Amino acid sequence: MIIVMERHASPDQVFQVEERLKERGFQVHRSEGVERIIIGAIGERTPAIIEAFESMTGVEKVVPIVQPFKLASREFQSGATVVRVGESSIGDGNLQIIAGPCAVESREKYLQVAQTVKEQGATMLRGGAFKPRTSPYSFQGLEEEGLEILAEARALTGLPVITEVMDPRMIETVSRYVDVLQVGARNMQNFFLLRELGKIDKPVLLKRGPSATIEEWIMAAEYIISSGNPRVILCERGIRTFEQYTRNTLDLSAVPLVKQLTHLPIIVDPSHGTGKWKLVEPMAMAAVGAGCDGVMVEVHQSPSEALSDGPQSLTPDNFGKMVRRLRSMERALNSM
Amino acid sequence: MIIVMERHASPDQVFQVEERLKERGFQVHRSEGVERIIIGAIGERTPAIIEAFESMTGVEKVVPIVQPFKLASREFQSGATVVRVGESSIGDGNLQIIAGPCAVESREKYLQVAQTVKEQGATMLRGGAFKPRTSPYSFQGLEEEGLEILAEARALTGLPVITEVMDPRMIETVSRYVDVLQVGARNMQNFFLLRELGKIDKPVLLKRGPSATIEEWIMAAEYIISSGNPRVILCERGIRTFEQYTRNTLDLSAVPLVKQLTHLPIIVDPSHGTGKWKLVEPMAMAAVGAGCDGVMVEVHQSPSEALSDGPQSLTPDNFGKMVRRLRSMERALNSM
Amino acid sequence: MIIVMERHASPDQVFQVEERLKERGFQVHRSEGVERIIIGAIGERTPAIIEAFESMTGVEKVVPIVQPFKLASREFQSGATVVRVGESSIGDGNLQIIAGPCAVESREKYLQVAQTVKEQGATMLRGGAFKPRTSPYSFQGLEEEGLEILAEARALTGLPVITEVMDPRMIETVSRYVDVLQVGARNMQNFFLLRELGKIDKPVLLKRGPSATIEEWIMAAEYIISSGNPRVILCERGIRTFEQYTRNTLDLSAVPLVKQLTHLPIIVDPSHGTGKWKLVEPMAMAAVGAGCDGVMVEVHQSPSEALSDGPQSLTPDNFGKMVRRLRSMERALNSM
Amino acid sequence: MIIVMERHASPDQVFQVEERLKERGFQVHRSEGVERIIIGAIGERTPAIIEAFESMTGVEKVVPIVQPFKLASREFQSGATVVRVGESSIGDGNLQIIAGPCAVESREKYLQVAQTVKEQGATMLRGGAFKPRTSPYSFQGLEEEGLEILAEARALTGLPVITEVMDPRMIETVSRYVDVLQVGARNMQNFFLLRELGKIDKPVLLKRGPSATIEEWIMAAEYIISSGNPRVILCERGIRTFEQYTRNTLDLSAVPLVKQLTHLPIIVDPSHGTGKWKLVEPMAMAAVGAGCDGVMVEVHQSPSEALSDGPQSLTPDNFGKMVRRLRSMERALNSM
């Protein structure tokens, strides 16, 4: 890191900073300019250390140089992580297509849609048993009953199942039923939850927080990995911007960036990422063009009767059409 | 709510929407314009209902009319809520000044700073036993040992104590030690945590999420109140913006807005709200000018040695000067 | 539009609103709910009218129903606008590939890169003669000399040329030299400039403002069209978000949205949209997947010597590779 | 500035960077860490230079160290700039209260409201003759006729007058009529306009762009000052955030920050900054608490009949009440 001293910092202030750096094991390089002194400090930096030096008198600012994540970085592991999920893999070069309704609403409806999306080409299933809702008066999910239905759908279709977990007390239960545990966007920085997910033996799908930077998102992955679980899949699902026509703004530049910065696989959720079913197919096509490892979309037999996220859900027919286009594009890209 | 039909919606599509509205107990008023039909629907609306109608064919959009919160609203309760905390009250017209270090770092240091801020005019104490940190490699707090120190500081000074709780499994323990449980900004939409806090018999200080709208923040308060606990205090602590000079942008318009929309008390945290101690006093003064019920600031004996948030911490001396200015301003405002 | 009265609005206040609506030629439909009265008003709305009613006593809020743009809308013109540029067309189903350096730096260098990008597959040229720079101390462009070089490059390559105009006093001059006049992102709401561009007989490329919503952007197009010039091409170039790794966040959902809302062609600029040359190719591929009419990228012989925007410029070799991939993808999409 | 080399940068790449730095007159200090080499470069940096080095092979990133503005900085001029306007001064420790309607709508109405706000305590007048409007269908101002009315109001009341100029072609005309030329928020980065305003002999009120950082805003002031006009007054008028209840989010932390970073005076516009008249008084009080040099508010005889910005305009009565409270607060602050 670089420590920029104030213009009129005294020699003693500079000395104090350098002494404290050395105490903490940093190599110190001083550059004296016409206007101010800059101290280069080489060693391990953490946010806490940056803050400590920023508080010293005479210091104008501290500039971090290297990215704060380690285990998730390409520098730590140059080869791509491939996450095994059931019989499939995410990150092995094949496009995974994850589909299902936002919430598990009933046994009959879920099993039916699961069967349908499988026939249309889905390779994994999604469905929420616990639903985080902005309003306490909205449908909150079928909870454990929903988990049983998900397990039944897996048995029926042979496809792996992904569902969200919101409360550390539920991790054990949820793990018994599903193949991948999802951390929802609102919980991306629920660090207690992340740490507990680092202790289990199942893959974790980590959604990006709606206002998180890519660095904060990777740091959340670092929490899980550093707690013991390297099987992390990132999921871009749109960020909050000023736009009113869409629910979120899907940030597809996250796809190549995550590939360059980390070794983790990344999938894209154009349903939450746009909030409008008419935008789902073009944005799924764009996501594949950007190089993602999979897409996750919401499909509902009858979107207008969905208990949540109807406006962004595809009908099974539209889903089928989209799958065919995505597969054509995948083939075209593979043959380039 | 208002349902706007597409320009070329068929009579049957309009009929379907109106029938479904009536099934759900809405009064329906149709307005036929030159270009399109608009249906006014009067009845209870929830986000789920809005989504359901947005998904129907022929519907262009659904416009909610009234705000989604009820129990927190001025319409529900016109008089201001005063939250009793120990011997003091938040929201009774007196300015509360809450102070202490970001984290409880050791028994000796905490008891000393607690005593000092009391002497300088603090009316409540703050201090973190559990710290949510962006990096898994940063200091995470003393945990239960920190709670014991907080309880000792309360006994020593006679001042009520506020601390953050991050995990629903810890609520019971934390409640035994402190007077007010704080929900941190990153957990503002941790709905499981909010619901559990609705079941306890202690006040809850609800910080605004860094990218939350005021409506989402009040909805989070609604979760706590609707679960049984009406003693909610809101705390503005800055929102994320494009600004680089400050850590967050303190949104002081939240103060009069919250007063107009809800009956809940609101305090302001200019330490997190700016991230720079040189901005804390002017922004605390501004917050009092805007009409807040209290301010919460970070004070540390030696900010450059703080294990977290040093750059935004006041020294005890600067804190003392600020308190004198805030009290002068409070008197001037009361005498207008 | 819908006028929502306050909960305790008096009958007289309701009457006043309805009378004023009728005076202004609106059809009025009143809906009386349990809690409040809602007035539907059918007629032409403008922002000014909305504000006028929002200021009336007893009015809680005014909700606009239909979008504020007309001439740019799909409802006004259902078929796509194809903008003729030289011998080519933008919006006719063929992908246009616009390339060149950020700024025209010298005659020799510009003619050389123009020739090179043509050989590599560019179909139009770009280059700035006037450069809007955040700092008054940065290179501001070659000005009129730059225009002459652009005209020479056009003669040499036969490709049409696009350049930015920033000042209404320069429109006439710039028009004499180039084929398409570009409005830069920072000038998207420079309404005097937009109106003057509505009076010329050349196509206008309208870049999206870095914090503009899609509606505001289309309204800027509406300024040009309503002043007499229907040949408007929209260009998505990234919006400002909290992200630090990229210069902007490229919003590709703008592509299908603009196609649904308007009849105008839309191209994508992944160079400004990301600020990093390593992201340009994947995002150009994604843009084509999303359905854009063209891409515009920065190419420089020696990016590290560029006087502006070096970090986001492709070398001619990388540009050539990208063109081959984009054309493969275009063929694959056309054959689906 | 600091140049961070990539982890596996070759010795030759490091050499190239250092050579080029020396060519450009930088002092170079190399720090060799375990993982990478960092080069400190002392000399004048501009955005263009940063970009040039970021484009060199082997360079990971370039970190600017000192702020890019010079003439506006406290380091360049430690004493505060006081801008003389007519008989008054902005920045001399007295609070200026600038008032008037958003737009000049007619001679009779403007002269009446000017007289009224003077009686209620306004010290300067505002009013728009040219109005930048998002929609081409909204009222665009009385243009030159409006300027004549402003000049008449100045003669009548003896108060200085502020109005916006949007087009470089109008600067000369506007200068003949008014005392202060305002750059509107949408034109903050209209660099041609800024440069022309640097050549006149009148003060310039520079509004902050709705999405501008404080650094970008100060850089816009630097454009004016470096073109020859040091009489710049900054005006905070709210930034765009996700909030829906307010039109903008007033960033009052800009007040102490601008005071710390620059020597320029700063005023606050709580009318545009909130968009709601009920928030104007509390936010004006907060602005004074934060230490601003003046407030600028919209006042209209009959806000519901205003041709623009009615919802945020105070009635003359409410304006009078606010002035009395602001003056009480000013006295209290002065006596601390």
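A, B, C and D label the chains in the order they appear, each numbered from 1.
One rule holds in what follows: a contact is a pair of C-beta atoms (placed from the backbone, for glycine too) under 8 Å apart; a residue touches a chain by one contact, two chains touch by 3 or more.
These numbers come from a predicted model, not from an experiment.
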item: Cα superposition of chain B on its sequence copy chain C - rotation in ° rounded to nearest 5; value: 180
item: Farthest chain relative to chain D (centres taken as mean CA coordinates); value: A
item: Whole-Å gap separating chain B and chain C, where each centre is the average of the chain's CA atoms; value: 38
item: Distance between chain centroids, defined by C-alpha means - chain B, chain D (Å); value: 30
item: Between chain D and chain C, distance of the C-alpha-averaged centres to the nearest whole Å; value: 26
item: Chain C, residues touching no fewer than two other chains; value: 211, 240, 242
item: Residues of chain B touching chain A in the complex; value: 46-48, 51-57, 68, 132-139, 166-169, 186-187, 189-192, 195, 210-211, 216, 219, 222-223, 226-227, 240, 303-311, 313
item: Chain C contact footprint on chain B (complex, rising order); value: 2, 4, 7, 27, 29, 31, 33-36, 38, 40, 42, 63, 65-66, 75, 240, 242
item: Touching residues (chain side chain B, partner chain D) in the complex; value: 211, 213-215, 239, 241-246, 249-253, 255-257, 260-261, 273-274, 278-279, 282-283, 285-291, 325, 328-329, 331-333, 336
